[in-house]
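If you scroll down you'll find the structure; I have some questions about it.
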Amino acid sequence: MTDITKEAIVPPRSFLSQDAIQVFYRLLAALLICAVLAVLSDSFLSLGNILNVLRQASLTFFIASGLTLVVLTAGLDLSVGANVALSACIAGTVIHKTGSPALGILTGLACGGIVGLLNGVMVTALRIPSFIATYGMLWVLNGLTYWYMAGETLHGFPAGFRQIGSGYLFGLPIPVYLLLVFLGIGTLFAQRTIWGQEIYAIGANPVAARLSGIPVARRLLLVYAVSGTMAGLASIIFLSRLNSAEADIGESLTLPAIAAVLIGGTSLFGGVGTVFGTFIGALILTLVLNGMNLLSVSANWQPLVTGVIVILAVWLDMKTRRRAQ
Amino acid sequence: MSDALPIEVTSPTPLLELRGISKEFPGVKALDDVSFAVFPGEVHMLLGENGAGKSSLMKVLCGAYRADAGEFYYKGEKVAIGSAADAQKLGIAVIFQEFSLVPHLDIAQNIFLGREPKGRIPGTIDRSKILADAKRVLGTIGFDIDPSTIVDKLGVAQQQMVEIAKAISQNARILVMDEPTAALSDRETELLFALIARLKADGVSIVYISHRMAEVFALGDRITVLRDGRRIDGVRPADVTPDQLVRMMVGRTVDMTYPRNFADKPGEVLLQVKGLSSSTGISDINIEVRRGEIVGLCGLVGSGRSEVARAIFGADPVSSGEIIFDGKTISGEPDLAARRGIALIPESRKSEGLALLRSVSDNLVVSALRKLFPSGLFDQRSAQRTSDGLIRQLRIATPSARQTVGLLSGGNQQKVVIGKWLAAGSKLFIFDEPTRGIDIGAKSEIFALIDRLVAEGAAALMISSEQVEICHVCDRAYVMREGRIAGHLTRNELTEENIVRLGMHHA
Amino acid sequence: MREAAVVSEPNPLQRIPGVAIVLVLLIALFSAIAPGFLSVANLSNVLVQSTILTMLALPMTLIIMTEGLDLSMGAVLTLTSLCVAIVSLATKSMLLGLGAGLLVGAAFGTVNGWLVAILGIPPFVATLGTLGMAQGLSLIVSDGQSVVGIPHSVRDIYSATLLGVPVPIVMALVTYAAFHGLLYHTRFGTYIFALGGNREALRYAGLSPNKLLIAVYALGGAMAGIAGLLMTARMNSGHPTAGLGLEFDAIAAVAVGGTSFERGNGWLLGTLLGVIAVGVLRNGLNLISMPSSVQVASVGVLVIVALFLDGLRSRA
Amino acid sequence: DGETIAVFTKNQTNPFFQTVRVGADNMAKALNAKTLQYIPTKPDSIPEQLSQIEDVVVKKPSAIVFTPVDYKAMVPGVEKINEAKIPVVNITDRSAGGKFLSFVGADDYSLGLETARFLLKTLGGKGNIVIIEGVKGSLTNVDRVRGFNDALKENAGAKLLASQPGNYQRLQALQVMENLMQSNSQIDGVLAANDAMAVGAIEALDGANRKAQVIGINGTKEAIDAIKSGKLLASGDYNGFAQGCLGTMMAIRSLRSQPVIGEIVLKPTVITKDNFQPFDVPLEQRTCPTFEDAGKLGAK
């Protein structure tokens, strides 16, 4: 190498990766919201409320973490909410019929996973764009669930099973432990395994990924199956938390999950984002609702405030990202 | 600007002059105090290594980039070029290295984008006029095609011709062409050269960027050489030899004969293709590649060479025939071929080769993940180390392995595409136009690298439109015509003449 | 060879888009099994029912062609519908109501465009945010109540006929013709292709992609305003949740109609066929009294089948 | 005999409407008629129900039993039915316009009022109360919440801490309740606008190991179970089953030129642990009231 070429190569300015910087800014945004709420409401900073927020965020996070992987591959899964509903209803029935929570949990996870796998098949083998495939799946699942439940509600589950969603261990709610575990697993999977790397590569350019020898179809199947299985997990948490299930529980879960992923900095164009960001996204959304409840904001204003926060969060993200570049 | 241009090649005042242009990107000083002048009616060659700043200088010239420092003079008067519109007003048109066509509009709409003839109803387009105008422009460059064809349906070469038509249609006084022939076949290249001659006669100035020495001497009136963002020299073709030019570009001597250590005895058969056909238009392909060999695959553009490469790699479905690699039949997706030890360096780096938004390092290790991290656990540091090695080995000009690959210059991107298979430990390398857009220095290094790979027991199948290269480096070559193998040339028979003869239609 | 493929016409059967096949099959099926399906009254029903969605799906096609998305359309429609109701109630004038609806719709569209083009927020997120805002504003201006008692002139828009053709159908046809002309015959239409296909090309041509993008989104908002008038006329009232979720129906219709989400490739007629296919399916299933859970699933199946057929075609 | 009755309900997800549908089916079977159920695929979708009316009018059923998804916005739909001269009975939510043979429904306002009164009586007329509202703008919610508030006004000792939306959704109610418990250390009573939200609130209280009296409305099976186990104080009986039965009965009777009752507003019943037995019967085993019962149940 000549000297002149060497001059052109300047060492990187920061040892932090772009992802780390973005996550940092997002954490800052969440803390900012916390600070505002702490000033406005006395009860916000209590330990009880913080655990409360974490526990509420966990449900969104479970759904959103699987979804993050899908979005990383430049896909989308609109069926997660409907998947939660169906899985919860089927798992609930199994627990009722067999009396075995373990069997119910397995069924719920399996049901979610199978639905996810079917999404994956539509996207890979049938080559239907994921947005449309999972939108279709959403309606198919709704139809199935409506038919299966016939307007009934399942309720009343064994106390042991209910511990998963509402129990405590050493003063912390059990869903919070689960949240930490899956945050860890998700982050490790995405950042520290070659599968994770391959998923980022697929999202960034699927054609190039295929020609680089990545088994694109298999990885996509995996990703959709994981997303479905996480929806299955969410359904179990839901079931044990609310002690009941009905056909329409999924409807209000999908858009918040997608919003959490996007606020978390994952790009819909694929290849950019982190699971940790999604966690913060879920946290921000939960904080906003928690704050509005604590401050008794009128119901009429809640969608408006949420909408503004979503835009603000992403805009701040864009700002900081530009500056960081 | 309405006054007629003096058609005077030796006019003392330059038509356009750039003085002291500097442009810095994070971590890269792309242009450093560069001055550059274009005289009326000349073809001005702009040369330099990959990443030297040629494209950047032209983007400054046409208003796509805003320079950090520097001044512009048009016919001796100071002007400002702050946007593409400013440049257009001065009569500057550009044929970019990356296409600027809209895929789902037709040829006519693309040529006149933003300058559509107005229809009777306000806001509408005069459809018959735009088609007629397009037909006329296409006629002047000798490109015979229906102007209402949708651009997405065109091949690379045809798109390049539309790009040229688009620039011509602006009646520009200064026409910038950034590696226009990289995607053209011989026939279109001839058309282009004829066109350049005509434009020159009309007093149009042309700035021409190319890595092909032959073109430099065939077309150029003057040469400016850039190196690492600085202007090194300006010369006339008559006053220099190719060797001297190359030394100016790279700052050292480069052996341009691509030396090869041909093995005395070819190794065992590594790849055997029997009666391969595919719906992409190739049929009954029979090819054999042995260890230690570089086998060429030549033919005209569109003769199906890329399709053969893709079919062997599993990228296109095979309708009949057999591919035996390393003693075993393979059939399936590219991941299978890759795992068995086949590497494909595809022809289109942007759409097929790179994840443009990811880092250089990510792109360099992506094919080698399984080999580098057999446990399945990925480690960023070790990936970085591997890529640093490749960056050094391939002399990829980048501020760091963390740089986004889409920000590299065209040639350096191509090096990354090649580099990613080096770490994977493949046995057979299929190169599809590996040197497209690569500078002369890098070219000889890449050939040296391929030579080393095959000497160590690998093999290569190489597609190239530059027959000189094939003749220099290949042990033997297959020539394709209309989707079939038209002939086979041994080392002794391998001449440009023979390749053309076998590859011609109705030979 | 690829060169040959450009010249020779592919098998004409392969060029028929999935949505057309599906539509023909549906019509044939329901003609056979659903009594009354082919009656003029029923077919007119189907078309009238499809008009509001058409008004949303046409601009949605353009927005999707720019590699964008507008999730706020349903909520904005709801808000404009309320505005139409409130203003026409207060002024007793249909036109003023329409004006208010158009204004509010265009304002929201402009905000969407501004967020996407100037602030660079991804369309999905930006319009998810404005969805919340429009929904919130709907609740706030109506306090969660229906707005009733609006003048008859508004209602007549939906129920009147022109030369025997229901006015909503006339409006939809005019809108389609206008959009067709706009997309395929004007400079603006050309630039829409470029917005999705190659934004750089626009910039080099000396045009401002940002202004164009804002215009496209504003157009979408304005159309939601017109659709809001139809919705109000249809319900003879304004309601704070009436149009929620319609944006997904519109997006589904666009996708079923063969518009791809990449590189600015759109097909307006396909969108129209997509809207009608969804309408025919719902109507036919109602006529044969299909259990509701099957109806729910059927829309999903329709979407998947149409896209699957398209996929088959593009691979062949 | 053999009449077809088209039954319109709001959605397939709320258990309440399932009881309405089963009631209608039971009655139709008993009278040798058959029902066709029309339910929007998107819960409570106004445009969809309007379309369904238009489609059904083409089919010309003998009569229609109709629950509007919105009592004001569906008026043009009812007018379409009237124009087509199909006899129609209004059930559950009273339509703001159109001509009906008969109305069968419960009075949301008095349901809200009575259940809230019961709760306040249990609390001795005082205490900290929160309201969890249903979907903004829906008739049931407006009237129920109005009833809640009026009951609160009657008791000067009761203090309303917050009135927040749970959108008739269990999860949302649970989270709202969890959040409210953070800012309010003492909550004595919870007025939920439906049973699902009431049960959600109970789960939240259980989770925090706190106690409060909770009431819901609708008298669903899970509410009865919760009343039995002492977790839920009471639920207002909305009696969808009877509404379905009677609505269908009136429609068929009118087709057969038998006398009908123009308006039946079921008296509010507050289901408590003292009177739940008659409500604790599986849906399939319930029997429809007779025409004579209808009068007693609340004809006006």
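Here are a few things to note about the model shown:
First chain written, first letter: the chains are A, B, C and D, and each begins at residue 1.
Going forward, a residue touches a chain if its C-beta (ideal position, glycine included) is under 8 Å from a C-beta of that chain, and two chains touch if they have at least 3 such contacts.
Treat the numbers as computed from the prediction; the structure is a model and nothing was measured.
Touching subunit C and subunit D together: A. By count of C-beta pairs in contact, A-C exceeds the other of the chain pairs B-C and A-C. Between the Cα centres of subunit B and subunit C there is a gap of 43 Å.
Centres computed as Cα averages put subunit A at a distance of 30 Å from subunit C. Look at where the CA atoms of subunit B average out and do the same for subunit D: the two points lie 71 Å apart. Centres computed as Cα averages put subunit A at a distance of 35 Å from subunit D.
Across the assembly, subunit B contributes no residue in contact with two or more other chains. Counting partner chains per residue, subunit A shows two or more touched chains at residues 139, 142, 146, 299-300, 302. Residues of subunit D in contact with two or more other chains: 12, 41, 136. Viewed as a contact network, the protein chains fit none of the simple shapes, being neither a path, a ring, a star nor fully connected.
Of all possible chain pairings, those that touch are A-B, A-C, A-D, B-C, C-D.
Contacts from subunit B toward subunit C in the complex involve residues 62, 64, 83-85, 88, 94, 96, 98-105, 109-110, 113-116, 119, 123-125, 127, 149, 152-155, 280-281, 302-304, 482-483. For subunit C in complex with subunit A, the touching residues are 115, 119-122, 124-126, 128-137, 139-140, 143-144, 248, 251-252, 255-256, 260-261, 291-304, 307-308, 311, 315. If you check the complex, the residues on subunit A that touch subunit C are 122, 126-129, 131-133, 135-144, 146-147, 255, 258-259, 262-263, 267-269, 299-308, 310-311, 314-315, 318.
Residues 12, 36-39, 41-42, 44-48, 50-52, 54-56, 58-59, 70-76, 96, 135-137, 142 of subunit D are the ones that touch subunit C when the two sit in their complex. Residues 26-29, 51, 227-229, 250-252, 313, 315, 333-335, 337-339, 344, 346, 351-358, 362, 365-367, 369-370, 373, 376-380, 392, 395, 397-400, 402, 420, 424 of subunit B touch subunit A in their complex.
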